[in-house]
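Each of the next two complexes has subunit A plus one more chain, namely subunit B in the first and subunit C in the second.
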Partner chain A sequence: METLVLFALLGLGSGAVIAAIALGVVLSWRGSGSINLAAGATVMVAGYVFWALRTGFFGFALQTVPAMILTLLFMALYAVVVELVAVRPLRSASPLAKLVASLGVLLLTQALVLLIFGTSPLNSPSVLTSDVVSVFGVAVPEAQFILAGIVVVLACGLAVVYRFTGFGLATRAASESESSAALAGLSPDAISLGNSVLGHVATGFVGVLAASIVGLSATTLPLLIIPALAAALFARFTSFGIACAVSLLIGIGESLLYQASNESWFPTQNGSAIPGVQQMAEFLLIVIALWWRGSGLPLRGDLVERSLPMVPNQDRLVVRIAPVAIACAVALVVLPSDFRQAVITGLVATILCLSFVVIMGYVGQLSVVQLALAGVAAFTLSHLGAEYGIGFPLGPVLAIATATVLGVLIGASALRVRGVTLVVVTLAAAIAIEQFIFANPDWGGGQTGASVESPTLFGFNLGTDASFRGLDGSQPSPVFGFLALVVTVLLYLFVANLRRGDLGRRMLAVRSNERAAAAAGVNVRAVKIQGFAIASFLASVAGVLYAYDFRTVSANSYDTMTALALVASVYVLGVTLGQGAVLAGFGAAGAVIPLILQTWVLPENRVSIYMQLIIGAGLLIQLRFRPDGLLVSSALKRERRARASRAEKALSVVGAKPQGGV
Partner chain B sequence: MHKDVFADIPAYRRTRIAVAGLSVVLGLVAGGCADSDATATAGGSTSPRSSSSADPWAVTDLAGYTGGKSGAADTSLSPVKIGWVNQQGGSLEYPSATLGAQAAVKYINEKLGGVDGHPLELSTCYVVDSEQEGNSCGLKMANDDDIKAVLVGTLINGGQSMRAVIQGSKPILMSNSISTPDAKGKNVFIFNGNPDSIFGGLATYLDDEVKAKSVAVFYPQDAQSIDGVDVLRKDLKKLGIKLKAVGFDPATTNLTAAAVAAGVQTADAVVPLVSSPPNCVAAAKALESLAVKAPIVSTGSFCFSNAVAQGLGGEAPKWLQLSTQTNVADTTLTDVRAYLKQSESASLKTDARTDSDATLAWSLVMTATKFLNAAGGADATTKTVAKAATSFSGPMLLGSETVKCGAYTDQPGLCGAQSRVFEHTGGNTFSAATDWITPSGL
Partner chain C sequence: MASPILSARGVGVRYGGVQALSEVDIEVGPGQIVGLIGPNGAGKTTFIDAATGFVRCTGSVEVAGRDVGRMRPHARVRAGLGRTWQAVELFDALTVAENLAVAARRPTAWTTLRELVVNGDAAKPSVGHALEALGIMDLAEAMPGELSEGQRKLVGMARAFVGEPKVVLLDEPAAGLDTDESAELGKQLRRIGDQGTPMLLIDHDINLVFATCDHVVVLEFGRVIATGRPADVRRDPKVVSAYLGSAASDDIKVGEES
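For the complex of A and B:
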């Protein structure tokens, strides 16, 4: 019993940091109706600013109190900027767009912090005491208890403010019905701004305190959003008390898990505790929360109509695709080795991005588990070959089937969830897969990644090391490039035709309004499952091709931040259009656009950070000025012009003239 | 407020001297190696040393080591090219390694006559964090016929995909490897150590020097660390030492609970098996806050880097370091003094000069130049370079005396397997706490 109490107390520190982020998520939802994926980054920003002010990074060093005050003022200013750039312009946007905007803020903020402060962790000057207290004979830092206490007080304070003050009442009114609140003389914009400032300042305050205990790192702090989202989900994104309590319980659970991992009953592998149990538990916790708490988030009565990106028709496919395919085929032969490889990687990444087009663009579900599913397929392919001798073509078929089934299961677990809440489930699923499967020495890639044999058929090598080489006579062989090209073109045609077919129309109906679709006789659940199946299939095909491309599979290529960046880049370019997937694919890591930037534009050793910066900024700019996506906007313009032209022709046939404008 | 975690060290030192004295006698009797005060005995016990600066074989003369001639290279001659692959540009990066390699090339071209009079040239390629970049680097190295050898700096990710492309067509020279499979690769030469040799050395040290009966380990649950714990568990088990290991999520920021669960407050020795700067910082903060009294031993140089020191307010943790190379913060060593002077003249900045990644890179480039000169200078081929690497028997610049490729049949690429413990005494000052240790279990 003593041990349980001890580890429960030891978990309070971690739980407090998670709670601070969860409170930020709740505040953001209450204020603007958006799930703030950047709440973890808020903690990071506050910590770094405080560090800079205390240590003289800006040329002057301040004492703790003035540094804290200036940091909190900066956080208020930061909140205003985020509100003006990423929240207010999206008032008319769909919840999906708001969520993606917070993703843009996350990517942009993290990239800026890495560029300004460097990639090394920093030591934030101590704010809380460094004394220890003896608990059952074990020295435990007092600061953890103090931090937990501060977070509990903060949660109670926020609950009181939102229950008993005019500001809280106004916020609740706006979250119930923005139009009614506006009629009552309240400004939803001002309310949203007030909540945003409060959220950033409160989260930032705890962030500064926490940073002195856990250190500052631009890579670890933003990822604490995952358990924070789980806690916020339990709280239905509205209850400060529940969010705080569940966060502390998650911290306690994590601590107890450490202790449990040494018990004889804990599942082990080669003598060590199985990795990823904590992440798997968090994922299951989220699924349970969704089933227990109902069908997702409370709906907001927004003042303005929500809209999803338009889905243009995709006609004249052969005319559009043929030149690009021919250009790729020629490039695979004539381009030098590095660009040839980049083209192949771009083609494979295109398939992965097509899966986002299906699940996000057509069905309207924001799923970030696609990259993890690609990883599952790739690891399965490797293990089938290495351990069971199953090679091409049966190996990839089984690998694709396995990952597709897993994708469908994850989708099925979230059937009660609509739209943006799904991101929480899929994000947790992606991390659970990453930690539970990929990090496992037997199931994953081990120390250096799992090797993959080149595909061969009837004695012909179809891999990147095939004997037929490009004009420069070097690797990779264009043969694998041709294989990737053929598969990409076929799947592109499939996805484009899906939009025009019956299933595509049902998907769009579900995307527009699930209840209306159900009323019209569409089986919403079946459509969602089919959407998940198709998207998972596409991601799995990409995973298999990735494995063949690099002849090795390791967890690093399938991590969560990479997945988020990929989602963002597809959304920037056009998540409802195949062309968007193509451009996003060629902008993915290792593909043509990063290679061009690396070769001629950006410093070679900072390409990935700059790419993240470009994607994050591009996302915010696009959502502001081209909310449908860059390519989608162009396609819609063309579509409108073509429609007008057809109408003009029709009118000229009957001898009439078009009158006025619309 | 907290008790100095190294309060017990003097006792260990006394023990070490006694053990060292005994080992000398045993070594001389068993091996008959009266002409050398070097390193280890077959059983994995450490040899004594009366003074850490008394390495008679320590390399200080770079012209003699590389086979070069004093003076500058002839810039009118065609350059001799070697590849350089390093991990940098992402959140986990080791840019000092590249600085060290570039400084070494500068020194060779300005002071050592290049390679047979030809300027030495680095063809660089960076892995950010994924196999895509490893693949690209492999292609770049494999497809450039002028590259005679591929040198790997500090590389955590992407090594497998790089080797999958190179496929043994060129010798891959590494200082350290973070994964055992590297040593099984074709045409791979590892001169300082890999997980098997490092954890074997650690087990030997914990048994012989610390006399530990129980060891607490906490580690991030990534593939490398999990495999590392597995190796350490087996090695410690052979020596009858109990291991309590607790894994944590690599993204966790607070490691206090994990450390307590691992038993850091009761174990005879603590091994924070961490390598990324955020994890090192978190581990150091947790162990400091828990006022751990047992010796804390960290493998490799990861947690003693400038990045970690920055994360801890300017100074790396005051732990013991089990290193596969000479720690250049121990300025009592003659080769260290020579290195600091030479690298300074090559304009290597102070911060980078004392960074272990830069030191490893400096040593590796010098060693590669030695192979190039021995393999025919500008006429060297990938085959002759590989042959020169295979026949290299040490001593390694800023490393151990003994190098022998093919000594371990299971891991033919592992040429150097010895390690040494240094003590961080504060103020970024280290001192050698042992002589070179030959690992048990290999």
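For the complex of A and C:
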């Protein structure tokens, strides 16, 4: 009992951090109508800046109070910069674009922090007292209570500000209807900026206080957005009180779960507690929140002028693809082995990126679980082979089917909610899969990874170790490269073709306007499920090919930050276009572009961080100046010409006939 | 009267504490065009939203004798209940022909599987017919963003008609049109109605409604205050006062054509 109380109270600290992030999420939603994925990164930025000021990283060390004041001033400045770069230019953009912008901020700030401060976690000097108080005979650090008290006061303060001040009234008015608020003389820009500064300073303040308790790590802190999103969902992105209370409960629950994992009754594997239960619980919590609160989620009365990127129809596909495919085929034979490997990886990553084209470009939903689904397919393939002796071709078929079904189940849990909330579920699902399945020694690969047999058909080896080798005589074999190339080309044609058919048109109708689509007889839920199924299928195929490519499956290849960077790079290049997926695929980790950079330009161990920096910055620039995506703009111009000529032809046919009565 | 195509009985809608509609009965018979008019905020659009399933309501809604009151919106459309939107709401990423093609399809699980590999052409015969009926064949390849407001309205109507609905609910099709365009639209609607598609017409253009409709229902504060033939309704003192306020009702006649 005493330990139970102790661990419950020890959860208050991390609960407070989650609460601070959740408050930031609520403020962003109410102020600018975006789901701010970078709210967790705010804690990271504040924590690192304070650490640097306090420990003399910049050449001078400050006392706690001045360091804190400077940090908070910096956070206000940071809020203004984020607002000017990633929020204000997108005021009238679609919710998806706003969401993607916050993803850009997340990638950019994390990459900057990693480059400046390094990748290993730091010990932050503690700010709060290290005294302990005795509760029911248990010694608990006072700081836990102080932190919890501070976020409760913050939440109450925000609630009071929103209820009783002119600023709060203006924000509430603007989130009801931005256009009428503007007509009433309120500036949505100023309101949004105010909320943004408020959110960043408050979150940063709690982040600094808690850094010594929760630890300072650029890889874990940004992901605290997931429990915070769960809390924000329970609060319908509106109530500060509920967001704060649920966050504290999540913190307590996590701490109790941690304590329980040391108990004898806790399920174990190979003598140690099964991993990832906490992430699984967070995912389930989000699903519960969506089902319970989902249908009542308020829609902000935004003024959406600019819609999503246009979706050009692609004609003469074969003519376009053939040169690229032939170039790849030649490269797979003549290039040195590391480049051949990079080409294969690029091809497989292209398939993965095509899944983003379908779900983001066509259906208009942001899903980030695909890389995790690829991992599920890969691990399933490995286990089918190792434990049941099921190899090629039945093994990959079963693996792809398993991962696709899992993907559909995950997507189905977001159906009750309109808008772009799929991202919340898929983000939590990706982390849960990573920690609960991949890290599990039996289901996933544990720490070592799981091996995969090469595919063989009628005794002919199709894998990377096939006897036919490239010009330099080493692996990987071009045979597997050709296999990947054929699959990639077929799936590219499939995705491009989808756009031209009835199913693709229904997806685009849902993307444009869910209500109008329903009024045109389109089953919106069915279309979303179909889109998600196709995206999951594509991701699973990529997963199987990855497994054959590396012949071993390890959890590291499928982590969530990699997935987010991939999503962002597809969006930068053109999320509605297959070519965007191809370029993004060849820019993915391990593919050709990073290989070129690390061979001739960048330090090898930091290539992925620099790539993340480039992608994050590129995303913000693209959203500002080329909202359709870099490749889409030019494709649109071509299509407009084609349509004009088609219309002319149609008119001349009509004109030639004598006009009959209608 | 022959059995009605659309029959809504006792329809009521509450928004929080506000009773937006109460006990509204509206019937549309075969070949009929029924007008639904009333001052701003009377609940006209709310009635369409309720009948088509976008707003939860009490009461019953039947299409050709079939109860659709429990169906989701898309299922009601497939049961024959078409509608247009006040703000038109075209699919902005699709051409006009593609907008109509979406509404022309009634996919099943099997056809959806087929669509994964086989392209359905946007230029379906029904799409051509709908465009022709509204006289906008030349817009087939245009994008919604390139259209004028009047053209958008016509495309929105064509999209509602292309699915061959049993009855169509039109939400302010003439808003934004000038007098001549509005009169022309009235004739087109009459023609389509005479070919067998009954309609419920909401509009602020009283002249359009009275000239086009066989029957008119007047709403005020969510209740039906008058119903009958256009000639009778326009003389009804309750209607006159609802539109112009009670003081004015003695000396001005509503909608009198010059």
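The criterion applied here is as follows: the second predicted complex is superposed on the first by the 618 of 662 C-alpha atoms of A that agree within 3 Å, B and C clash if a C-alpha of one lies under 4 Å from a C-alpha of the other, contacts with A are read in each partner's own complex, and residues count from 1 in each chain.
In this text, contacts are C-beta pairs under 8 Å (C-beta built on N, C-alpha and C of every residue); 3 or more make two chains touch, one makes a residue touch a chain.
What you see is a predicted model; the values in this text were computed from it and never measured.
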Practice item. Check the residue A:138 against both partner chains and state whether it touches subunit B (first), subunit C (second), both, or neither. Key: first
Practice item. For A:498, select first, second, both or neither according to whether it touches subunit B, subunit C, the two together, or no partner. Key: second
Check your understanding: Which of the two, subunit B or subunit C, is in touch with more residues of subunit A?
Key -> B
Review point. Just subunit B (first), just subunit C (second), both, or neither: which does A:263 touch?
Key: neither
Review point. Just subunit B (first), just subunit C (second), both, or neither: which does A:387 touch?
Key: neither
Exercise for review: Please indicate which partner A:521 is in contact with in the superposed arrangement: first for subunit B, second for subunit C, both, or neither.
Suggested key: second
Point to revise | Overlapping contact positions on subunit A, where the subunit C interface meets the subunit B interface | key: none
Point to revise | Complex interface listing, subunit A residues touching subunit B | key: 6-7, 10-11, 13-14, 17, 114, 119-123, 125, 130-132, 138-141, 143-144, 210, 213-221, 223-224, 254-255, 258-259, 261-262, 270-273, 275-276, 278-279, 337-338, 341-342, 345, 435, 438-441, 444-449, 451, 464-465, 472, 474-476, 549-557, 562, 589-590, 595, 604-609
Practice item. State the interface residues of subunit B toward subunit A in the complex, per the touch definition above. Key: 1-2, 88-93, 95, 124, 126, 128-136, 139-140, 142-143, 157-161, 164-165, 167, 178-182, 195, 221-224, 226-227, 229-230, 233, 244-249, 251-254, 256-258, 260-262, 265, 277-278, 281-282, 285, 289-291, 306-308, 310-314
Check your understanding: Considering the complex alone, what residue numbers of subunit A touch subunit C?
Key -> 307-308, 310-311, 494, 497-498, 500-503, 505-506, 508-509, 511-513, 515-524, 526, 530, 534, 643-644, 646-647, 650-651, 654, 662
**Study point:** subunit A contact footprint on subunit C (complex, rising order)
**Key:** 52, 54, 72-75, 77-78, 82-83, 85, 89-95, 98-99, 101-103, 105-107, 111-112, 115-120, 122, 132-133, 135, 137-138, 140-143, 159-160, 163, 191
